[in-house]
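See the structures that follow.
Next, two complexes with chain A in common: one pairs it with chain B, the other with chain C.
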Partner chain A sequence: MLCAELIVLKWFKKGASEKPETLEEMVKDLKQSIDFVAYENKDSDQPYRLIYFASLIDPEQLHRDLLPYIKECRSKSLEDLKGILPIENIELSSKLPLIQERLLEGHVAIQLSRGQKVLLVNISLRKSRDLSAPEIEFSVMGPKEGLVEDLHTNMNLLRRRIPHPRLRMKEITVGTISKTKVVVAFIEGVASEQNINTVMQRLEDLDFDIISDSSFIGQMLEDNSLSVFPQMIDTERTDRITGHMNFGAFAILTEGSSNALIGPINFGQLLVSFEDYYLGWNIASFFRIVRMIAILASIIATPLYVAVLTYHYELFPSKLLATLISSRSDIPFSPVIEVFFLEVTIDLLREAGARMPTKVGQTLGIVGGIVIGTAAVEASLTSNILLILVALSALASFTTPVYRMTNTIRFLRYPLILFAQLLGLIGVALLGLFILTHMIRLTSFGNPYLAPLYPPRIKDWYDSFFRLPYVMQKNRFQFFRGNQSKRFKDKKKRKHSLDFDEQ
Partner chain B sequence: MKYVCSLAIFCFILTGCVAEEIIDEVPILFIVGYDQGEDEKIKGTISLQTFDPNQEVETRAFEAEAHTSKGLRNQLSGIPKPISIGKMAVLLFSEDMAEEGIIDILDSFLRDPAAGRLIYVGIVEGSASELIKNEFQYLQGIGPFLQNLIKQSVEYGNMPQNNLHLFDYKYYGDGMDPVAPVLRMEKTEVKITGLALFDGDKMVEKLNLDEMFLFALINKSFSAGLYELELPEGDYATLQKIKSKVNYKVKDGNTNPTLNITVKLNGNIVEYTGERLTKEKKEEIAKTFEKKVEAQGIDMIRHFQELEIDPFSIGDHARSQTRQFDFNKWDEHYPDLPVTIDVKVNIGESGIID
Partner chain C sequence: MSDLEQGKRNDLLISPFLVMFIIHSNQVGVGVLGFQRYIAAYTGNDAWIVVIVTGLIFHIFIWMMYRILSDGTFDIIDLHNKWFGKWIGTVFNLALMMYLLLGTVVILRTFIEVIQAWMFPELATWVPVALYLLLTYYVLAGGFRTVAGICFFGVIIPIWLVFTATAPIKFSTFSNLLPIMDHSLKDFALGTRQMTLSYVGIDILLLAYPFLKNPKSSRIWAHMGVILTTLVYTMVMIVSLAFYSAGQLQQSIWSTLIAWKVVELPFVERFEYIGITFWCFVVFPNICLTMWGASRVGKKVLHIKQKYFVLVLIAFVFTVCVMVVNRDQVDYLNTLTSIIGTYVYYFYIPFIFLYSMIWRRVKRRI
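Entry: the complex of A and B
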């Protein structure tokens, strides 16, 4: 127990005096973990010592590519052995910190004689799950290829989609304990140098112990971490990542995370499903507009219900009055309590659904949706009009293609409902202005968040509320300020169109 | 942070000022009727709708007397407060009330931001109170029914546009006078019987349905419903979808004014009691219609000049067409203003058989 505490203390005390001075001390120190091996073979013709973490190395490679060659090696020098081993990137070092770091990365240290010098060979074991279809950002059309937790696999996925020499991947290690490898991928020339510098600098400045997921990095890199709006897109879709890189964005891949971060982004891109690019431009535009209206309605529906029913009954159409008042006449609560009750119920359902295994989740949906919904109406706890509104707005909030945005939308409703209760429509307008001001001031890596709208970038509108056909997407977004603004060469238009039979 | 905190605090402080009006707790009025009460008081009658959980509407009428319209509210002690007029649809006045002047009461609605501007003002032949209290079997109650009745006759029938806002505009505006629909209660139904003409806020004349149609045609460009025309030989033709394009021309507005009204009419013949609708017959129908509109139009304007009222807003047309227009001179000239009407009727189609 005490030992463990000491080790923990050592981890956190940078440059503590208890640091091992020699290799032997280090081996003795690390021996306290059962997966650490320091194996000495004195009986062989060629005495050697292997130092490694058994849990990190690939035993097959050790036995196949390492041990036979060590035995064959007649020379006593590590340099000769380095020449014989059929593995790349072999290091010869006597620096203790480097040795320890390499050991923890899955290298094996080989010694032929006592001393400080070791040969570091990388035979780390890499286990990753198979590729699977993206589950959070599901799509009907388009590739079904999602990122996995392994960084190398993810890099391979990206590189295969953009086999271009200018696709740069810069690596940086983040996290004092976890030593998480983070890769920033971008296309040089297309991405603005300034954005790359910003993100690299921010990553270098990160000081944290364990990075469990890319979303840790996401939150720490954001311009304004007080904001509820995501300033980067979390995605597991490789097509989305490469698509955004082609716009001029960069992607941050993190070891051990199946989500990449895309930045800089603007607000409009959070409402864009990548499937929009797979459908025809006219159909995609229509559904994009429908989605945007749905999102707005989803935020504003229940606050408006509260405001209208509490203060502005005049706004309600006369013909609907009978329906509404009849359904509310038995309800003992004021509209705001009614709304909070149902909204919280829906959010509970969602929370529970997210934690449940898929099969139980379906049952939960039925129990929640049908049983609670109808029972609440029959018990006169809520009006059925409100039930419809809440269900619709919950449905609409799930049309957002980015998961973090869904949460933002669900969250924004509560303050709006509160303000609607306090000040009626003025309250809704007031908080709406507050949110709008906040969004105007918000930046993503220094780029304006409401970009094609404010500051107005009319030339970027070809792919904002709507999407024009690809012929008209000749230029890259001005938003990203890359050097290469052209996506493809413009072919000259044919002067006369051919008749249908002379093709 | 300071701002956020103070904003939140303000919200809580300010809420004291806003009175909640929860939709199912306030009594919602759709209609109010005013009659002459005793001792120069106003008698107000309201009809209150209550909605049952099974979506049925019950109406109950209440009446009270007071000196002012808003003062009635205190007298209506059988109704839970606050009485809200945000959904008010129709204001009714009894005929004798209208002859005395109604602006005092309308003023209360004009000042109230909660009252809509699209409220219809109606004049009742007889007692407004009895009309409201009578329990006709209208599905939504008498208020929404009357609102619908007047709205439909403006949109598809022969009634000129009218509502509280227009009444107010024409009352305060120079060179124009307001109009309002006239309603009558019969045994089983409420009917529109014509149009009331006002001099200022006092009712001075009523038009019947036929005259109301002509009024609507000449008043301004309009799309009316149906009109049954009597032909010289005793046959009848019914015209439908009559569209009028009206143009007022006032010359020498300040010195020696003359008025010329050109009316272009478009209509379809949907019914004809004669034998065959030939081309000549159609022309004859058009000619008859032209003559009728011209003759009756002139008569109508003459009558208005005698009464010294101006529901056609001729004075306003004159003002818009004359530089440095002088209303005092206009008022002198108006009773004997020479008026000509040119009517041009075009029969569009007469059905799919010929």
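Entry: the complex of A and C
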């Protein structure tokens, strides 16, 4: 037993530490996987050997663009073959690490004679799902084009929307095992150099094994990883990405992830739905304000219920108090238990709904929401006023356009309820002060999180709590500190305003 | 000399117009909830004039302070050392620190007294004190920019309460204010001395000065801050004088809070609860600013890192606050601060001002 363990240990050690010295050794090493192919054809006029991962390359391209040309090639040299092959970016190399890396990227290595030199040809197979409408960030108006998991498709989507020479895309590989390609896209001049340097530096410093999704990178790039507030926006909407790039932000695209990360952001942008830009400015502003009030109400509604009913019931006028008493008279619990019971129920429903297939999830939501809610009131576990409050605040929390922010809002409630139970309204205010301080201190890539509110930058307010018409959005946000502050040219103003019945 | 000057870390500085919020938030504290009767005790229906006059006097102090600080980006700690030498300078600086700490204790303990009197009679003092001081540490750890941010929001968030303070107007008799100017000059002087406590707080400028971008251009904003304070106080005073009769006013300790009871909303009966809750935001900048100032002295004079020294200060303030147990002691603390504040403003600041004038003139001649 012990002996077997030792052997296993030794074998692993050997595998990990011993690097292949020659090409043959490497081939022998890789042969342990069944999808690795080293095919040698000695019978043709031109003996050759192909080395590749069958699972990574496109067999059609191999048969159509590679094999016929190799057979036709009369010369014995790889250089001549390089000239003949109708594929771009062919490399000639004898460096083992490079060869291995390229093989794992889906290249095929061609050998004409025994030796260390190979020709590396890229015929990798790209499979990606079709484009589909964004499912998380749904909108009624506006383009319905979401990112997919394939990096190239995503880059294509962005480039098509911003066909500008200054749209730069910088690539960097992250992850010691997954070797995930990460692309930072930004518009040069519009985005500040300092922000780009910061993000590139942080990406380079990233040390992690497998990057499963862009959110991994998002969490590791954030200024303060202890914070519950998102410091970058996860989005799958291409219009949102390009819009933010035009403000001066950068977007991080990750291979294998259908979400891009936008940064730097400020808190206000988390409350902005991109649909706001498709509606008229007055309507959009109105709904933006409604949304902000909804979010605030959603956070403090139940904590206030706990605070007031536990300590300050004299706050209510006698008529309202009578209603409350009659609805709570049969309930054997203190308000805080009542509230926790309902809040946890709602969060359970939400969690269950998120894990279920869409159709089941909907049914579950209705069953859970209506049946459990009504039953809880009838069984005198909670008051119906609280049921209304909790349902409304749950609804309000889903008005946030950024999914991660929804989670933050749902989370913030619990400590507030706890403090409301401990110190009543004063507790809510003190925890409110803590959250406020935290947000003042928070930064997104070094940019203040609460800007343009604090530090106050009144010039940026044209698109914050409200959105002014596009004519008044001539300047880019100062927040991003880019070089090009003008978005478009000023039209000449009319000299005098027309009177009635004039044209 | 100043630790900010090396490299001028621009990121640490704040824009000049935030001075308005710093000044205003450090002036307005718990006092505004019940300052009326102390002033009215001397000048009766003319108390509002005293409020305005004291406000004008404080503009002179602002002017003096900017003259004191006018050259370079030194704060008062550097200037003390420069003008009085190391030993006397240190004595001055430590006195300044104790004065700031007294400010912290007074405001914190008085506010908790309000909470205990109105909302939680059973609440142990140490609970809110501990929470407030922990929060203060969190703010101070963010640097002066965070402190200024707290000042900013400490003014912005509760600003709407100003409108609710006008609610008693419906039930007021403004003829209470007549006849105007029927008190002796001595009464006015005594009232002004009493009023000083409510205006105290602009001294933080002496320490915050090096943290301002273009400090010289910030003067207008400092004056704006005092004007804002004067407006708030005058309004509250006039409403109180018209709402209460002279006898009633003398009997109500927290006149502003009592007047708030008049506010009627469809779902709120006792509005002063909302008022006190929002007062948490008004009080907090005071605590942060004074603690910040005191820790700056510790850093520059005692050469202790702020991150450790603030802990010492917190322990000190906590102990003192818990030791104050009843209303009489709170009153005593307030009176003490009032007296010390009067000396600081009417003797110390003019003295430093004259000293700096003479010192500069002498230096120029040499």
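A few points about this structure:
Heads up, the rule we're going with is that the second predicted complex is superposed on the first by the 478 of 503 C-alpha atoms of A that agree within 3 Å, B and C clash if a C-alpha of one lies under 4 Å from a C-alpha of the other, contacts with A are read in each partner's own complex, and residues count from 1 in each chain.
Definition applied: a residue touches a chain if its C-beta (ideal position, glycine included) is under 8 Å from a C-beta of that chain, and two chains touch if they have at least 3 such contacts.
Since the structure is predicted, the reported quantities are computational estimates derived from the model, not experimental observations.
On the superposed chain A, the two partners chain B and chain C do not both fit; they clash.
Of the two partner chains, chain B and chain C are each touched by A:G424.
Of the two partner chains placed around the shared chain by superposition, chain C is the only one that A:L320 touches, whereas chain B remains out of contact. In the superposition on chain A, A:I84 makes contact with neither chain B nor chain C.
Looking at the shared chain after the overlay, A:Y454 reaches chain C, while chain B stays out of its contact range. In the overlay built on the shared chain, the residue A:Y311 is in contact with chain B and with chain C. In the superposition on chain A, contact of A:I177 is made with neither chain B nor chain C. By the touch criterion stated above, A:S329 is placed in contact with chain B alone, chain C being left untouched.
Residue overlap on chain A between the chain B contacts of one complex and the chain C contacts of the other covers 311-312, 314, 316, 318, 423-424, 434. Against chain B, in their complex, chain A makes its touches with residues 308-314, 316, 318-319, 321-331, 334-335, 419, 422-424, 427, 434. On the chain C side of its complex with chain A, the touching residues are 14-15, 17-18, 115, 119-120, 123, 127-128, 131-132, 135, 138-139, 141-142, 145-146, 149-150, 152-153, 266-270, 273-274, 276-278, 280-281, 284. Considering their complex, residues 311-312, 314-318, 320, 423-426, 428-430, 432-434, 436-438, 440-441, 450, 454-456 of chain A touch chain C.
Chain B contributes residues 7, 11-12, 14-15, 18, 20-24, 26, 28, 30, 51-57, 84, 86-87, 89, 114, 116, 140, 144, 147 to its touches with chain A in the complex.
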